[in-house]
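Once you scroll down, you'll see the structures, which are given as structure tokens.
Consider the two complexes below, in which chain A is the common component and chain B and chain C are the respective partners.
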Partner chain A sequence: MSDWVEACAAGDIDEEDVMRFDHAGRTFAIYRSPDDEYFATDGLCTHEKVHLADGLVMDDIIECPKHNGRFNYKTGDARGAPVCVNLKTYPVKVDAGKVLIQIG
Partner chain B sequence: MAGMVIVGAGECGGRAALALRDLGYGGPVTLIGDEPHLPYERPPLSKEAMTGESPAIKAIASDELLAERSIRHIHSVRAVAIDRAAHAVRLSDGSSLPYEKLLLATGSAPRKLPMPGLGGRCVYLRTFSDALAIRAHLSAGNRVAIIGGGFIGLELAASSRKLGASVTVIEAQPRILMRGVPAEIAEIIHKAHEAEGVKVLAGQGIASIADNGAEVRIALADGQEIAADVAVIGIGAVPVTALAAEAGLTIDNGIAVDGTLRTEDPDIFAAGDCCSFPLAVYGGRRVRLEAWRNAQEQGALAAKNMLGADEAHAAVPWFWSDQYGLTLQIAGLSDEGRSTVRRDLDDGAFILFHLAEDGRLVAASGIGPGNAVARDIRLAEMLIAKRAAPAPEALGSQTVKLKSLLAA
Partner chain C sequence: MTAITYSAAAPRDYSLTGRDARLAVENGLAAAEWYHTEIPRKQMKELMQRSDQPAIRDTVIWLGALILSGAGGAWFWGTWWCVPFFFVYSVLYGSSTDSRWHECGHGTAFRTQWMNDAVYQLACFMIMRNPVTWRWSHTRHHTDTIIVGRDPEIAVMRPPDLARLVLNFFGILDAWHAMTDMLRNAAGIISPAEKTFIPEQEQPKAIRIARIWSAIYVATIALAIHSGSWLPLMLVGLPRLYGAWHHVMTGLLQHGGLAENVTDHRLNSRTVYMNPISRFIYWNMNYHVEHHMFPMVPYHALPKLHELIKHDLPAPTPSILAGYREMIPAFLRQLRNEDYFIRRELPATAKPYREELHNDNPMAAAAE
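Up next is the complex of A and B:
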């Protein structure tokens, strides 16, 4: 397994929100859920490669800013048209106020 | 078993067919389309299909998916008549198809310019093959005339500039995007086009058009003449209703349906660009929407109601347009508003909130680079759906999160 990578400080993301994280030529979206847990997925929507970090987080759903494709960011599951391909998710942990993601 | 028949294999029809299966329907599903392609998304036709390296349809469902879901797709065939008494649709290949429930998702067609002199270099954009025909003219150095400063015309103008063609946009109304877009936002788009080298002529009538096969010459009412290698006409769309009209169904700016998308024939539904329906969020005002998301949502809702649900369409209209690096998004119908409140965002992006007399938020129009306005427009859409009347000061203040107004 590859190393854990520091993505941001825990306080950088509001509750029920998302931010972008770029690393080694790849782009991710890091989420903070309303119950204060952190999650990570690939950054780009599986429909038209739009970055999800500009999208809206409601409960455990991230909605693509362009065409409203919806995913459960905790599991990566696509939630109906226009998206049909799931998002890849990554393990996340918070350590000493830092959000770390494990990029496989 | 007669099963479900869908006439029109675009965004709406394609989504309806998939939704019937998602909802567990096990009988026959037949999708009839007059184009040779799989059901595909039309928004890229004015953008990626023009500027992408190798243009391709963006299919809603692959052949494999249609096969896997047992959706029969009959392509390159038109439905020519509905026999309501016999519950059958007659097709242009002479065959006849029985239906239990029928969905008309026939879409819209470009409004024709009612002028003599149009020839092969005067084209419209609706289908992928239209897009390929236009694309062939958009090389560097070519001259493109765009008749109509609406979304299709302006998106094509942006794509043409990207490819190095010179572009003139001719709009008869006093400004571009008269229908549905506030002047303050249309002005930003107008300036963006001018900054990219597009000549925008608003308030210009066309006196005559002559297409001699080698070029198109457009004489304007004020005496100017525009010469072009291609003239793209984008002056709106009309609903495709002939099939429904000949079957005796009511037409009222589109095939008239109730809130559940049902026509007066309980076994015939209509959805998407071709239908007019009562919009619940504005007290049942009858509207017809030509928008990708509406086609998608109504296709899915029609499928549900064809299977016996009785659910009314409750969505707030929403659409977007991409031109250069700018994205415009509008939720709701701004003509419902009587006053506006402006909220400035980062990077020059802003949103206009449109409020009704009673203070209710009825629409929101936003523009900015990339997806700068997306999140707030989406929240505005939820506020509109809730029929919320947020304090104007809160809407106008960047420090008040819109999400907090939703909880109120």
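Up next is the complex of A and C:
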């Protein structure tokens, strides 16, 4: 469980924004909250497999760009129609200016 | 992607459980990847930003005008002076609610979610669209826009049913179907077509809403009978009929006469320049190509989005009248040739259509 992977530099993501990160055939979304904390989830919406990195971050919510489904990106919780299935989240840490995510 | 061909022996099947529903999935038209104009992330983020202020302003104007015109209609009831008041009231009730339902359903009108939810529920009641059923049908409409057998919201099927279109300017068939659907849902029945797009865990919510609405309509009818007056029904229910004309007029322009079974909104949607009153009633949904390409952009930012991407879109239709001058002849031609559609030409600055991804065939369309 120690497979920390470097996703990007901390400054690559604006505050209250999201960035796509692809690794080993998988896709993830890396978030920077308005409080300057970093989070990571699966990159595709659980509704129709659209990249969440094209969506909108508002406070602790990521909104899918296709159908406006909303998730709490800190917990992965689906926040109402049309999304019903929670997002998988991943541990994140910032080390020496790099954002690392732990991919289990 | 393989082209789906139609013939007299195998005509279009718009049902969500029929032949074309299966063919759309087999041919890669269901949940396909759609064309988007490229917009830098920074600009896109600015366009997507939510704000409560524009929608609060518009909602105060909308509800204020609704209450005043309704009160005026009731005050002057029994005289001809009630007519202009009910004219305004009915459009605010039976047409403005189409766009309010739509924008709040997307969750883009307000930044604050409970405000979206509150206006959504109110508008759904007035426009007679079950808030659960229509949230899911509209989700499918955005996934599979004008894909035969997949999109539950195709307003004009081929060949066009012109009598139905005319009747719907007065809400007659839509309201009839809405009422029968409401009573069916209230009886606890979800149709096979509804089951294709409403998840099982959401279906009880649709039934609960239908029961609440049925009770409201029963109470309104009882009040009308008790008072011996049509007035309660003039205020609740009937405006969905006599005020429907504006939302049907603008709604038909969204996709009417354009391509089916394509994966590029520039081919199947229409942007129309409209007067400010219609744009207020319609909440800027006249920028319909832009809305389908980027449903995250709130209604108040659509004019800005239009300016940003219009180099990549067909020229906008200059007016409502121009839209009908283009659309009605197309409907008439589709009576003779169901494959006919209006092919929207792109400006030289646009990225060309990827013909290999599109099912609607210009050659067949040109044939008479």
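The working rule: the second predicted complex is superposed on the first by the 103 of 104 C-alpha atoms of A that agree within 3 Å, B and C clash if a C-alpha of one lies under 4 Å from a C-alpha of the other, contacts with A are read in each partner's own complex, and residues count from 1 in each chain.
Convention: contacts are C-beta pairs under 8 Å (C-beta built on N, C-alpha and C of every residue); 3 or more make two chains touch, one makes a residue touch a chain.
The structure presented is a predicted model; accordingly, all values stated were derived computationally and were not measured.
A.B. asks: Which of the two partners, first being chain B and second being chain C, lies in contact with A:55: first, second, both, or neither?
C.D. replies: In the superposition, A:55 touches chain B and chain C alike.
A.B. asks: Check the residue A:63 against both partner chains and state whether it touches chain B (first), chain C (second), both, or neither.
C.D. replies: So A:63 meets both chain B and chain C here.
A.B. asks: Looking at the overlay, what does A:76 touch: chain B (first), chain C (second), both, or neither?
C.D. replies: The answer is neither, since A:76 touches no partner chain.
A.B. asks: Given the touch rule stated above, what does A:43 touch, chain B (first), chain C (second), both, or neither?
C.D. replies: Neither chain B nor chain C is touched by A:43.
A.B. asks: Can you pull the chain A residues that chain B and chain C both touch?
C.D. replies: 54-56, 63, 65-68, 81-82
A.B. asks: Under the definition above, what is the set of chain B residues touching chain A in their complex?
C.D. replies: 15, 18, 41, 60, 292-293, 296, 300, 318, 320, 327, 370-372, 374-375, 378-379, 403
A.B. asks: So in the complex, the part of chain A that touches chain C is made up of which residues?
C.D. replies: 17, 48-49, 54-56, 58, 63, 65-68, 70, 81-82, 84
A.B. asks: Quick one: in the complex, what on chain C touches chain A?
C.D. replies: 31, 44-45, 48-50, 106-108, 111, 132, 135-136, 139, 142-143, 199, 201-202, 294-296
A.B. asks: Which residues of chain A touch chain B in their complex?
C.D. replies: Counting only chain A, the residues touching chain B are 16, 50-51, 54-56, 63, 65-68, 81-82.
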